[in-house]
């Protein structure tokens, strides 16, 4: 694990990413390709999801194959409240965070007693349960999904109908979570999580009740995933069970690995690459997954540190030489 | 509730159970011996189903279709083992999960490229198309009975193979202490390939038998795969006996749940509520069962004794 | 007579057909350095695992300072004052030596639900960590990644981590395993300086070290205690000599 230098390759790259994303709307507007704002709003939403997964996966070593469930819970919180005419964004997002956190608490409480393949399977199983639950409840659309009439309302000054406004809201959340995440993983709490990933047995012997810290991390990650889901609901104005399909959890995992696990900013790259590849490839052929699949296999086999890993090696080398 | 209906559904549950067993057996062997999580196991099931259905459509021969199905599944399995899995044995589970997830995407898309996106039609062979009277007044599809018979036969054969043959002894030794096996001079590489091929063949067999009952389409493997994982987790990873017991349990509970939960709930709540709650609860049932088992027995019902 | 710091009574543990701990009863006084010796397979490490709470005994009890700790999980025993080092080095490989020890310090510095302040620059954690590394002689390697340390240095780090929790009872499981003569001599020197501050239960194969350091020695064979007493008594015991020390006359 690279040390937390204040000024490092990672810091520079992170700064660059934030600047590029901040300038994207005016830049694309000037270039006449303003539709990119929508695409990158979506990318940033998944970047938030991937970032939240990175906290428990990259730093905590908890391989959760059910993270998409929290996106779904967050999205449906917005959708269901909107269904009943509640458009207040603070309320919707509040419920999204609370609901995801509570579900994460329950899932984590049961799953974190296990490890390895069992943990992977049980998180997958819980995500499946929630997926099937959402399919079966016809009141909220069931398999067909639920339309949302209005965006979340955050005071009358913020109009999420405007693509740029939505973009900057998502951007703000991403930057906030990135900065909060960095503080979290460097804090005492973060050290416990990282120590437990490194050597759980020693952590217990040294005096840490590892389970409760892992559970807290799991809840935090779940709540962040819920926020991503709530933002997604705002972008699509539509929620459906397909958000929570297990293949979606796999895709978020892919983003974390593609970008670089255990770096927080890596998952942002991962989200960009994955979604750009998906869009680009599906323009070329409807069968883009036939290419995406092998790419993932190759990345896992030969480029395990992901894009960020490659980038930061280059950066470190050029600074040395 | 009609007792004959209950009997029919119970048999359906057993039939589903033996199919899950065929999937789970390969999965648990591969995981138990090679410590490899293979999410693409469902793809062998799918390949078996497609190869058999396509062959049957062109030749009309069930025998040819069966051979093609199992052959294709085993062939794909071996190819993947040599090309990809040999590099994955030494990696951690996360890497295996991700890499095999990539394989799933690839295989699903390949069958769409070759056979299109619409489902392939697989028919029950003529000699099994009828019904059998298992009890007076209780007809049951012959094909499903045949599946049960084949499944039980395979289970018996596996039991003999693992318990009574030299290969089986190597398999059990490998499951208990893989490093030691290599140190004893056993060609572990070939053993791995054999075991992997066997697992893939079993999955393909399950797939080709499932074709006429379930739809043959891309992604068909994943639903069964997840259930198969639930089975091996409940049964105890690495244990064939555990896989057998758990598979029958899961198949039975899932089928009976889907058939009878909604009517049962309708007796205590409104029809509308039961319409929502019934299917929801039914699909969640096995996962709840798995969670319960893991809570009390974190390593499954029959965990093999390993170092 | 003061109550012993550690009181083990009738400890029994079996794995399938193998009895690892067969009715072990032992008392360790505060300030003592008590060595446990015995051939491989005698159940010494299993005993340590039960003392630390990583294994549950089938029967028997363990009392620390008069309190029954038999049912407590490892982290609680650590908080009560028991620390152990591992026979097979078990450190946090990706972290620096200072990080390793600082974690142990952190575990005993209240709860860790602190999400904001950076742990690596927190003097409350780093200073005690560096101090302990200085004690074991690793101060110059504080900022080196644990994975890169030499074997002897990692054995020292093992002990440093255990010491960081300011234990009352230190369980050392073959601290000198795999060490060359120089490293071992340094370790003996360190342990003898440690003696006055901490009660130590030492498992070792290095007989020179054992007889130089121990106040009392217990001999275990096949999970049972066959002899217990001062080093001189043990050295003179014919049973022990036959079973373990070898037939040739001890010097």
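The first chain written gets the first letter, and so on, giving A, B and C; residue counts start at 1 in each chain.
One rule holds for everything that comes next: a residue touches a chain if its C-beta (ideal position, glycine included) is under 8 Å from a C-beta of that chain, and two chains touch if they have at least 3 such contacts.
From a predicted model like this one, the values you see are computed outputs, not experimental measurements.
> Can you tell me which chain lies farthest from chain B, using the average of the Cα atoms as each chain's centre?
If we average the C-alpha coordinates per chain, C ends up farthest from chain B.
> Chain with the smallest distance from its CA centroid to the overall CA centroid?
A
> Just the number, please: Cα centre separation of chain B and chain C in whole Å.
Using C-alpha averages as centres, the distance is 49 Å.
> Just how far, in Å, is the C-alpha centre of chain B from the one of chain A?
Using C-alpha averages as centres, the distance is 32 Å.
> Taking each chain's centre as the mean of its CA atoms, how far is chain A from chain C in angstrom?
43
> Residues of chain C that touch two or more other chains: which are they?
Not one residue in chain C touches at least two other chains.
> Using the touch definition up top, name the residues of chain B that touch chain A in the complex.
Residue list for chain B touching chain A: 31, 37, 84, 87-88, 91, 93-95, 97-99, 101-110, 112-113, 222, 226, 229-230, 233, 237, 275-277, 279-280, 283-284, 287-288, 290-291, 294-295, 298-299.
> Which stretch or stretches of chain C touch chain A in the complex?
Contacts found on chain C: 52, 54, 73-75, 78-79, 83-84, 86, 90-96, 99, 102-104, 106-108, 112-120, 122, 125, 161, 164-165.
> Which residues, counting only chain A, touch chain B once they are in their complex?
That would be residues 57, 63, 65, 110, 113-114, 116-118, 120-122, 124-126, 128-129, 132-133, 135-139, 246-247, 250, 253-254, 257, 287-290, 292-297, 300-301, 304 of chain A.
> Would you pull the chain A residues touching chain C in the complex into a rising list?
1, 3-4, 183-184, 186-192, 194-195, 198-199, 201-210, 213, 216
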